[in-house]
Structure formats: C-alpha cells, structure tokens
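Take a look at the structures listed below.
What follows is subunit A paired twice: with subunit B in the first complex and subunit C in the second.
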Partner chain A sequence: MATILHNTMHILVAFTLPPLLLGIINRTKALFAGRVGPPLLQPYYDLIRLFQKGSVFSTTTTWVFRAGPVVGLVTVALAVLMIPLVGSNAPISFKGDLILLAYLLGLNRFFTASAALDTGSPFEGMGAAREVTYACLAEPAFFLGLLVLARLTGSLQLAEMLGDLLAPSHWRTAGASLFLVMLSWCIVLLVENCRIPFDDPNTHLELTMIHEVMVLDHSGPAFGMILYAASLKLFLFGALIVRIAIPFATGAMWFGWPVFLGGMFVVAVAIGVLESTMARVRLTHIPTLLVTACLLSGFGILTLVR
Partner chain B sequence: MNSHEQFATLRNGETIPRGQIPQLAYLAFRRVILDGVDAGQRIAALFGDNPAGTDRVDLYAVLADKSNGQLHVGMTTLDAERFCSMTPECPQAHLFEREIAEQYGVHPDGHPWFKPVRFHASYRPGHDAWGRKPGEAPIIGVTDYYRVEGDEIHEVAVGPVHAGVIEPGHFRFQCYGEQVFHLEISLGYQHRGAERTLVGGPNKRTIHTVETVAGDTTIGHATAYCQAVEALAGCVVSRRADVLRGIFLELERLANHTGDLGALAGDVGFLPTASYCGRLRGDFLNLSALICGSRFGRGMVRPGGVSFDVDDARKKLALERLESALRDVQNAAELLFNSASVQARFEGTGTVTRETAVALGLVGPAARACGVPYDVRHDFPSGIFRFARPPMAISPDGDVFSRADIRWQEIRNSVAFIRDELPAISISDGPLRAEVGPMQPDHLAVSLVEGWRGEVCHIALTDAQGRFSRYKIVDPSFHNWTGLAMSLRDQQISDFPLCNKSFNLSYCGHDL
Partner chain C sequence: MSERLVLIGIVIAAVSGFPGLFLSRHSTLGQWLSTALAVIGSAVGLSSVGVFWAAGDSQPIVRPWAIPGGEFHVAMDGLSALFLVPIFLVSLLGCVYGLGYWKQAEHPDNGRKLRLFYGLLPAGMALLVIARNSILFMVGWEVMALSAFFLVTTEDHDRAVRETGWIYLVATKVATVSLFALFGLLHAVNGSFKLEPLNEANLTPGITTAIFVFMLIGFGIKAGIMPFHVWLPSSHAIAPSHVSAIMSGVIIKMGIYGILRITSLVPHPPVAWGGIVLVLGTISGVLGVAFAVGQHDLKRLLAYHSIENIGIIVMGIGLALLGRSLGRDEWVILGMSGALLHVWNHALFKALLFLSAGSVIHAVHTREIDHLGGLAKRMPLTALCFVVGAVAICGLPPLNGFVSEFLIYLGLFGTLGVEGKSSFAEAAFAAPALALIGALAVACFVKVFGAVFLGTARSEHASHAHESPPSMIAAMSVLVACCFFIGLAPFAVAPVLEQAVSAWAPSLGESRQGLLTLAPLDSISVMALVLVAGLAVTSGLLWLRLRNSVVETGPTWGCGFTAPTARMQYTSSSFAEMLVGLFGWALRPRIHRVKVTALLPQPTDFHSHVPDPVLDELVLPTFRFSAWLFSWFRVFQQGRIQAYLLYIFVALVALLLWR
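The block that comes next holds the complex of A and B.
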C-alpha cells in the first residue's frame, strides 16, 4: 500500500512539477533584472498552446525527424521513473538499472541529434555537432560520478545508490567524494540542460545556440514534446543532485516529499541566480569546463580508493 | 606621376564653385587619390555623376586629410566605359568603385571583388557593368559568392530574414568546423533610392528623407544635410543653434551607445546590464523628446538652425535626468566591465588590426577601437565642435572589448559635454533659426559630421538653377561593413553575433 502511494506520488510529481522549475528560474532571473517577469505557470501555458497547434513537417525530412521528439520524451520520462525521489524506491527499479539509465540518456541524445541532421539545415547540423562534442565530455563526468556512488553503496541499482543508503550514512565518512561528485554533476546539469554559462536558453541567435538550434524546425505538439522533455531532463538532473545533497533519511512520506521539493526549489533558484550573474563562456572554452567536471568526479573516486 | 596636378582644398562645411574643381584626366585623378591615401588621407567619398542631358560619367573624389583638417576635392570625366580600378592598390576604394559601377554602368578594370552593392538597375539605361539587359531587374542577393571548396568545409547562410527584430542582410560563412575562414556580407535589401529622390531639391520632402536615411542617426544626417545647405546658401548659424545641434548629436550618441552596451551584454547572456541598458537607452531618447518632442530628434535640426528652444525649466529637468541616467549607466557598465566572465568573452574576440582599419578606411568607434585616432569632431570640426568638443576616446586592441570600451568612454565624455554646454545656452547667442536664402548655382559643398557610428559625409552639387543636381550620402556603415567581415576571419562562428553587435552597423544607411 505504501509503495503504491509512494509510486503514485512519484509519478505525479515527476510529470507535473518540471515545467514549474523553468517558471521559477525565469522568475528569479526577472527579479535580478528588476522586471516583474512572466507568470510562474507560463511554461505550462506554453505547453498547452503548443499542443493545440498543428505541426509543419518539411518535405525533405524522413521518419527520423518525427521520431526525434517522441523518442526524446519517452526516454527521459522512463529515466525520471528510475530515480528515487524520496526514500529508497522508484517506480522502475531492478538490479543493474544504472546501465539502462545510461543508455536511455544516450538514446535520447542520439535521436535528438539525428532528427536535427535529418533536416539538412546547416544550423541544425552545427548544433548537432556541438551537442555530441560536448556530450563526449559530459558523459564521462556523469558516469564517473555514478561510479563513486556505486562503490560507496556497493550496488548497481539506482534506487539503492541514490536512496537513503547513500547520503545519510556516507556524508560523514566519504563527504569529500560526495561533494566532488555533486560539484561535477552541477556542471553536468548546466551543460545537459543548456543553461548559462554553456548555452543561453533565451537567445534568438542561431549561430550561438547548442541545443535550441537543433530543434528549430520542430513545431506544434512535436516542439511541445521537446520542451516538456527538456523540463523533465532538468528535473532528472536536479533530483540527482538533491538526493546526494540531503544528508538524512527521507523515507517518511510526510517528511521526505517537502524536503525533496524544497531541494528542487533551491536548485531552480540557484540556476536562476547563476544565470543572472554571469555571462556565457566562449564555445571553445566549454570543453575546459567539462574536463573540470570529469576531473572532479575522477578525484571523487581517488579519494575513495586512497 | 604629375606632381603639379592636384585637388582643390576646402574645409568641412565649405563650398566651391564647380568651375574651380580641378578636372583631371582619369589616370592623374587616380594617381592623386592613391598618393593621397599613401600619405595618410582617407577617401571620404568617391562617387559618380551623370550630368542631365548627357551620356558621360563624371567621377568626384573627396579626400580627408586629418593632419591639417583639409578636404581635397577633384573630378574627372571618364572617356570610356571602363576605368582602371584603384582597389588593388587602395582597398578603401573597393565599395565606392562597385557603387559607381552599379549606378552608372562603367567597369573598373582589375577590381578584385566585382559584385553589385545594392542590386538595382543602372542609372544610365543601356549601360550595365554586368551586361544585364535594360529592364532586367537584378534579384537582390543573387551574385557569385566567394566559396571555399573542400570536403570538410561547410557553408552557413544567415538571413536576409533574421531571428531577431533587425534589418535584413545576408551573411555567408565559409567554415571549417566552428572556425570561420571567410564571411561575405551581401546587402541591398533596404535600398530606397534616397540619393535620387533628393535630386531637384530641396523641397518639402528633402529634410524628411535625410532624417530617415538611417533612423538611428537622424541628427547626424540632418546636421550634415543642413551644413551643406547652409554652406551653399551662405547662411550663418547662430551659436545657440550650434550648441543645441551639438547637444542633440551627443544625446543620439548616448542613447545608441547605451543600447549597444546592453545588446553586447545580452549577446553573451549577461542579463543585468542587458536589461538595465535597454531601459536607459529609453531615458536618453526621452531627453531628446523632452526638448523637441521626438525621441529620435526628428524635426529638431533644420536648415538655418534648430526648431526648438530649451527654456530654463527644461534645462534644469534635462540636466537632472541626464545625471540620474548617467548614474544608472555607470552601475550597469561597471557591472559589465567588472565581470570576469564577460571580459573573457570580449577580450580577443573579433580583432581588427590597426593596419586593416587604416587600409579599409574604417571610421567612428570601430576605427578608434583599433587605435586609429579619427574623429570628425576633432579633425574636421564644424558647428559647436570648433569651440568645444568632448575628448577623443581611443582604445588600442581592435577587439570587442575595445569597441565596448570606446562606447563607455564616449558615454561619459558626451554627458560631460552636455553638462558643460546646456546651461550656457542663452538667447543672447543669436536666433534659433536664421533665414536660409537661395543656394548658389553650380557649386559643390562638403559636409562631415561625427555621427554616433562615425563619419557621416554629405556632398551636394547644385545645377544652374541652384537645385541639387547630385546629392551623395556616405553613411559610416558604408566604410565599416567590410571591417566586420574582416573581424570574423579565423574566429568562431558562434562569436559572429557578438562581433556584429560590437559594430552595430546600419543596413539602411548602407543601402540608402
């Protein structure tokens, strides 16, 4: 009974909350700029608007272009169901599901980039090239971090690796490793979700975009799926960081959910503050930052095996 | 070389009878220009004319010598449909020669980059430099673009329709991965035929046409036009009107430079400065509106003087608003210049060397950011700038940082200038607007103004009735677009929007 209730709550939060995170980020940025800013629920309105529209498909595109948004959404949606948001269980959980997560994220990227290349537009090709180049460096950082967690918890099941087994018992003994992984994943979160300093989600300048430029040709519901999937992805990485950061057990529902939601709120505000206070880095310097993320995760392992 | 053949000399805002303009043979004309440029002069204008009722093409050149503040004017009559191009020896002539070829259907032999400028039909029907038939309308943007060949080279075409609300222009990048080998800029989409509508004037429409040659340089172009008309009519403008013109010119500079700093911040994703400067630009525009009722200064500058006075109450209010706007810009700019992440993006991006800037004849902030001290207010002063002028801003590096730095320096200098000059305006300094009589027949007048983008050059030729027979406008963008193309060499394609914003050139000013 408790599991059913928990899973229902998980699904509810994971599928309805993500656009709100974008709303909070935009609000924070507006506050810093001295503006009122869009309503908190604006991302939901945008999604509703997009889903009511028709779609336009270029005649030069193939099924790959149409499959891109669908695969993109399904893969992230599945991934979100594998992360334990509170306590130590998730709706989808089995031994070795870590591997599934890795491949879901890979499949997501593969289809987004393929759909972009399918249009034949020089912009989208450029964006796809950038995306996969940076992914080459962001993925090791992410997986090295998972390695740290696997070693600490002795498990390859995400629900255990990120659940109450992890932070409460290990912050005291392996705090340095966890802290390094958290930092590294913060960088991964920013690059995976095309936030400043890596990408500017607000820009209209195609030549500078990374992720946005890949989805220029999508419209209507397909574009809505992309935006929604993007917010799910932000939620996914936010949840990973929150789960590492909270150093006490969150098994009890009445306690766990508020703490988790509070953590997500802090992540969104932090992204908003960061975006309000710094500029984008030059595209050529992005690899430097990503290598830093890899090194952070790498040192996280070193401090464990010393 | 024929050393005794030379151009006539005049100063900014002066006029010369057409009969006294030295008429040289083409080769001598070409030699004088090339020697002048070698000696450090700039080509302020080089343009053709097809006198009414004839089939011949005259070329006029105005060289600007900043060492002594003199302008040299000369002309030639082409004796064939072709002439020997100066561009191989003097790159700053390249766009002028293409313009002459396009307008009058003559061919510059040996021009290395011979393509249309604005894609319009020749002004001399039956003569076309590209051999197009009369009545065959050229399609804008259709030309043979420079191409880099190779398996790993890709071409990115941007525009003429852009993602932002900006003017249309076509940009073609030859890229090797993220690296730009070459950028080609093709404009002409905004061509309205401004110069041709001015022929036969001045009439009721003239001043409005001039004010909208480039909407953001309303004061710059209107002042240049008025100086030319006043020179031709022998009208003396009162000091009071001169001061007001100077103040409006600086207000225009303030508004645009502030907007540019904000746009530069926006392009690197630095939100605070981007949002503040957007508002502050409006504050400076509103200062113009406070005095003349138009945010862009439309209707302010008129031949003979200015249309609106500023009373003591408005002076006080304007100064208060100016100070508070400067305070806010100071905060926004310091945020921008003190932020390491912004400086990392600005420094070393889009560098134009001093040599390139001189060779291309760049003007305005784009030139001063390359360490080229060229400022019409100093080198060819007219109006109030003969007596008082803001110090010249200079920044040596030629990169985006330097161009941002120039803007911030000039913002402070312009505020200081207005602060000094505005309170001193008094009724005893003469009438607001003097009577402008008829213009002298068969004269040529040259008028230069340092608009916020750089040198605005107007040249008026009158016919036997004292009406304009040819009116030439050179917007600073005309000189500077090539500078933007050069700044992208070997840069990252993702830095193009930033470089573009740091120049912030006018499409309509170029296209006329």
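The block that comes next holds the complex of A and C.
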C-alpha cells in the first residue's frame, strides 16, 4: 500500500512538476534583470498552446524527423521513473538500472540529432554535431560518478545508490568524494540541459546555439513534446544532484517529499542565479570544462579505491 | 550426431562453388546451384548446433591421420556450438544476398571465383572451430585465411584491390607463423598436438609468457586488436559487401575463438594476463571508434567499428580472465557471457550494417559518405535496416547490443565491491571507457546515418538511387529480426551462454551461480518491451493529434536564407571535425587547407583525411627497411617453382641430417 502511494506520488510529481522548474529559473533571471518576468506557470501555458497548434513539416524530412520528438519524450519519461525521489525506492528499479538510464539518454540523443540532420539545414547539423560531441565527454564524467556511488553503497541499483543507503553515513566518511561527484554532475547537468555557461537558449544567433538550433524546424505538438521532454531531463539531473546532496535519510513521506521539493527549488534558483551572473564560455572552451568534470569524478573514485 | 551433421554441412558448403566452375560464365545456373548448395550446407550446419543444444552431449569423432602428429579429431562443446551459429548464419544470408548483389550476369569474370571461395570460407572456419587437434585447426585456419584472401581480391583487375590483398596476405601469414610457434610450445608442454588442458608440471613462467605473447600476436592480428589491426580497415572496405559482412561479422571472431580456446587450456592464467587483455581491449575500443569517427569512406568507417567491437569483446574476456585468476566466479560469468553474446551481436548487427552499406553502394556506386544523402526517401527499407543496425551497434536499448554491453558493465562495476587480496578495483575504470566508447559510437552513427540517408542528395547518382532487389532486403530482414529478438528476449540465450562459459572455464563446476541470478535479464526484457510499447503509443498519439490539426509542408527553415542548396548541408567531415580535433593526438589527421589572404581571394579548396598511423608510420617503414636489409637474399628468389621445391627438399634433408 505504501509502495503504491509512493509510486503514485512519484509519477505525479515527476510528470507535472518539471515545467515549473523552467518557470522558477525564468523568474529568478527576471528578478536579477530587474524585470517582472513571465508568470511562474508560463511554461505550462506554452505547452498547452503548442499542443493545440497546427504543424509545418519541411519537404526534406522523413519519418525520422517525427521519430525524434517521440523517442525523446519516451526515453526521458522512462528515465525519470528510475530515480528515487524520496526514500530508497523508485517505480522502476533493478540491478544495473543505472546503465539503462545512461543508454536511454543515448537513444534520446541518437534520434534527436538524427531528426536535426533530417532537415538538411546546415544550422541544425551544426547543433547535432555539438550535442553528440559534448555528450562524449559528459558520459565518462557521469559514469565515474556512478563508480563512486557504487563503491560507497555496494549496490548497482539507482534506488539504493542514491537513496537512504547513501546519505547518512557516507557524507561523514567519504564526503570529499561525494562533493567532487556533485560538482562534476552539476557540470554534466548544465551541459546536458544546455544551460549557460555552455549554451544560451535565448540567444538570437542560431550559429552559437547547441540544443535549441537542433529543433528549429519542429513545430506544434511535436515541438511541445520536445519542450516537455527537455524539462523532464532537467528534472532528472536535478533530482540526481539533490539526492546526492541531502546528507540525511528521507524515509518518511511527510518529511521526504517537502525536503526533496525544497531541494529541487534550490537547484532551479541556483541555475537561474548562475545564468544571470555568468557569461557563456566560448564553444572551443566547453571540452576543457567537460574534461574538468571527468577529472573531478575521477579524483572522487581515486580517493576511494587508492 | 551433431559432429556428423556439422561435417556434412562443412562438406556441402565447401563444394558449393565447384559446379559453377564447369558451367559457362554467362549462365546463371551456376549461381543458383551454388547458392542452393551453400544454403543447404549452412542449414545442415545450423541444425547440427540445434541437435547439440537439444541433446547436450557430444560424441567426438577420432580417426587416425597420416600426417605426423596429426589426428582427425573433431568434437562439439558449448564454445564451438556458439561460434558455429554466426559462421553458418552469416554465410547463408550472404549467399542469398549475393543473388541480387553480385549477379553472375553483371560479374561474369569473377562471380564464379567469388562463390567458390564463399563456400570454402565457412567450411574452413567451421572445421577450425570443431577441431581438437592443432594441425587440423591449422588446416581449417589456412583454408579460411586463403579463401578470405581470394575473396578480398575478387576485383583483382584493380590495382588498389591487389595492394590491399597483399597487405592482408602478409598480415595473415605473420599470424600463421606466430600460431606455429604457439602450437609448437603447446606440443613442448603436453607432448602432443591434441588441444587438451596444459600439463602444469611443464609450465615454467617463461613458457607461459611465450604462449601468451604468441597467442596475442597470432590471434590478435586475425581479430584486429589494436595495434595489430593494420590489415583490417582497407580490406573490409575494398571487398564486395557480402564478403565484408562475413569478414567483419565472423572471420575476425575466429581470432577471438582462438584466444578463448587457448586460454581455456591454461589451468591457472596469471593475473597479468587478464589485466593486459583488459587494457588492450579498452585501447582497441576507444581508438577503434575514434578512428571510425574520422573516416569518410562508408565501409572503412564500419571496419574501424569492428576494431571497436572486438575491443569490447576483449574487455569482457579480460574481466573473465581476471575472475579465473582471482577466483571470482561472477566476473567470469558476467565477463565471458557479455563477450560471447557480443560475438553473436556483433556478427548480427555488423553483417546487417555491411549489407545495408552494400545496398547503398549497389544503388549509388560510391562509398564516399559526402557524395550521398537523402537516401531514406528513395531506399526506405535499406534506411530502416541501417538504422536498426546503427542503434544496435551503439549498444542502445531495446536492441541486442545493449544486452551484451550491460553484462560487461555489470561485471566491471562488480569489481568495485571486492576488498582484500582478490580485489582488482582498477578494472572498474574500464566502465567509464566503455561509456566513452558508447557515446562516440552514437556520434559516429548519427553522422553516417544523417549524411547518407537524411537531408538531400549531394550528388546526381544519389538523387537517382533505387531500392535493392528482394533477395538483398530478405537477407537484411532476417538480421533485423535477430537483433530485435535478442534485445527483447535476452533470457532466451542465457542457457546457451552458460553452456559456453562452462566449456571455457570448467573450474566453475556445477555449484556455480546461474547467469540469470547474476544479471536481471528478465527486467531488461520487460524494460525493452515497455520502451517499444511506449514508443508505439506515443507515436500513435502524435499521429492522431497531427491528423486532427492543420499540417502544412514547406521548405526547411534556413534562418532567413531562402535559397539553400544540397551543398550547404553539414557534411560528415564537418560533423566529425570537433571530435577529430579532440582525438587529434591519436588520429593525426592530414588536413589540406589554403590560407585565404587577399581581399578578394581566388577559389580555394580544403580536404582532410584520417589515415592509419600504425600502418603508415610503423608497419610500412619497418617492412621497407627489412626489404632493404634482405635485398641480398633476392639471389635465391628465382621465380621458378622448381627452384623453390629444391630449396624445400634441401632444407628437409638438412634437418634430417641435423637430427
């Protein structure tokens, strides 16, 4: 019974909350810029509007262009069900699910980038090339972090690696490693979700974009699916970091959910602050930063293995 | 029973090309006859494996043989059965594919030669896989190696083909010499040429190391492990595509089989073996895919991916060897199951990719990726087959590649959990390397799929492409079905894998844990089905939504530019440019770039190319130097076969006197 309630809550939060994170980020940025900013619920209004609109498809495109948003949404939707939001359970959980999570995101990338190339547009090709290139460096950083968690908890199940097994004791004994992993995964979050300093979704120049330029040609419901999937992905990485960061057990529901939601709020505000106070780095410097992320996680595991 | 059946299959496959030799080069009867025979032979071979799996016991066939030390000794075990499946399956499908791809009417000069050796090749491989005597093994090995040489040089009127064939021949002969040394050492240890567990009493550290080195060189060259891969890229690229499919899918696996067979004979492999093999596998994997990213020849690119996948297989073997040295059964089971399943998977998806590439070449007559484009519209079935192969080779769910990589990942992560004397947590660092390999593979296949099948055609030929004939599509469809089957129901292959693992490591004993208790293959299966169902439902919803709303078509949004041309698309080279730059220290790309100086510059050009540095900068100079060093030896090189026979006679007499 408790599991059913927990899973219902998980699904409810994971599928309704994510657009709000975008709203919070935008509000934070508006605050810094001295503007009033859009309503907190604006991302929801945008999604509803997009789902009601008609679409335009380029004559160059094939079924791959339509498959992009579908695969993009389904893979991320499955992935968010594997992260333990509270306590030590997630709706989908089995030994080795961490590998499935990473490879679902790989499938997502394959079809998003292919859909971009399907348009034949040079700009979208450019975005696709950047996306897959940066992922090559983000992936090892993510896995090195997973090694740390697997070593600490002795488990290969995300629900246990990130859950309450991790929190209480390990922040005292292996705090340095966990901190390094957290830093490294923050960089991975920013690059995977195309936030400043890696990518500026609000820039007016297509030449400098990464993710946004890949989806230039999408419109209507398909574009709505892409935006929604992007917010789910932000939620996914945010939840990973929140669950590492919380240094105590969050077993009970009445206690766990507020703590988790508070954590997500902090992540969203932090992204907003970062985006308001930093300029984006030059494209050629992004690999350097990503290598730094790999090294941070790498040091994290080295201090444990010795 | 199964041994007899497989011998029958071998004989039928071996003779399949002969009837065609007696028919006119303009008759198509020969092609049909040889294809029918090859299909029957392969089917008999496959059924022998089925009989073995069903009965589970083997009845070795042992016959005396006149050759000194030789003995006709064949037997089935789990390992042999597992390798027989890709041998017969890929050659069967390759023959069917050849009906449309290499029609006798279109290739009257070399069609008969091709089919002769296309029959001999699986026969040789099947023989070496069931041989239990090293001389018989070498007979099968040489039949395979020489058939492959004649298959690579099918179009020997072309100078580039002859040169590539020459490199292949030199490489395979070096491997053979190394194997002679290896089997000589085994003879010294065991006192016979039987392939039996080594006698530990005679194993000194020196001999053990020598066995390891000759094994790695001999079988490593055939498997294409870096840095022994020099022959591989160009010969895979230049051979006809159904030959490339069997070369990449099956022949290089014979090197893996050799490594497995020899390591299974060593009672206690040293820890260093596993460590070195794991490192070699990681290097092959990462650099193989990095070189693939830099290629712009469709088949050469796929060939480098073979090196990558061999690397992944070798990583699994390294982990299993470590497990045997340190007594960790779960590493043995996970690593070896992953490696063996990847042997199958790679045979399936790489054959699929080479056959789809052949379909493209059949239609467009070029291998140059940057001259293709937009083929998904004109060749929808080929595009679908290719994308299935691409997703599978990237190790992405819900297809088969994911399952084998999943097993290897589980094993590698498992090394973290062990403390104390039998720990080897360093092995876990191979997991992020495997993640890097996966991400690079995604980058590479997005590049190929995008540049070849998506966008608009970059050349006149590509815009007039046509879909391939049914025989080619049928062969590819079978492989697509196999990729989906293993991806969706991986637990079905678990018994076969367990049987093969226990054939490799008999020390595991009966009380070992099953593969299914170590790896949640049932969960993988459920998740793959959920993923497929989710994709179907979401596609359906999107389709419904689009049907009930206004859908217009128009040109691609050019960001304000209104006259886009096909030449403005991102090419495969520009797509890979950043990654080639990141791996520039290893790839050493050759870039030709003219600096633009004047205010109104003249037309200029740019091209870049990633050659193979090991071949160009290490192997070729070494061979040139040794050719110079031994130039005096040419005195004996008469070019007359009588003279060579005389040399052999004199050498034998001298050896007899010396004894």
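The definition used in the following text is that the second predicted complex is superposed on the first by the 306 of 306 C-alpha atoms of A that agree within 3 Å, B and C clash if a C-alpha of one lies under 4 Å from a C-alpha of the other, contacts with A are read in each partner's own complex, and residues count from 1 in each chain.
Note that in this section a contact is a pair of C-beta atoms (placed from the backbone, for glycine too) under 8 Å apart; a residue touches a chain by one contact, two chains touch by 3 or more.
Because the structure is a prediction, the values reported are computed rather than measured.
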Scan A:P197 for contacts with subunit B and subunit C and give back first, second, both or neither. first
Subunit A residues in contact: does subunit B have more, or subunit C? C
Partner chain(s) touched by A:A113 [first = subunit B, second = subunit C, both, neither]: second
For A:K29, is the partner it touches subunit B (first), subunit C (second), both, or none of the two (neither)? first
A:R282 in the overlay: touching subunit B, subunit C, both, or neither? Say first, second, both or neither. first
Between subunit B and subunit C, whom does A:T208 touch in the aligned arrangement: first, second, both, or neither? first
Could you tell me if A:A270 is touching subunit B, subunit C, both of them or neither one (first, second, both, neither)? neither
Tell me which partner A:I11 touches in the superposition: subunit B (first), subunit C (second), both or neither. neither
For A:A77, decide between first (touching subunit B), second (touching subunit C), both and neither. second
Which residues would you name on subunit A as touching subunit B in one complex and subunit C in the other? 122-123, 125-126, 129-130, 206
Residue ranges of subunit A touching subunit B (in the complex, touch as defined): 29, 32-35, 122-123, 125-126, 129-130, 196-197, 200, 202-208, 275-285
Residues on subunit A engaged by subunit C in the complex (per definition of touch): 51-64, 66-67, 69-71, 73-75, 77-78, 92, 94-97, 99-100, 102-104, 106-107, 109-110, 113-114, 116-126, 128-130, 132-133, 135-140, 142-144, 146-147, 150-151, 154, 156, 206, 216-217, 220-222, 225, 287, 294, 301, 305
Touching residues on subunit B, where the partner in the complex is subunit A: 154-158, 163-164, 177-178, 265, 267-272, 274-276, 339, 341-342, 344-345, 349, 492-498
Note: in the complex, subunit C contacts subunit A through residues 373-374, 376-377, 380, 383, 387, 390-391, 394-397, 402, 405-406, 409-410, 413-414, 416-417, 425-426, 428-429, 431-436, 438-440, 442-443, 445-447, 449-451, 453-456, 519-520, 523-524, 527, 530-531, 534-535, 538-539, 542, 545-546, 549-559, 564, 566, 568-570, 574-579, 582
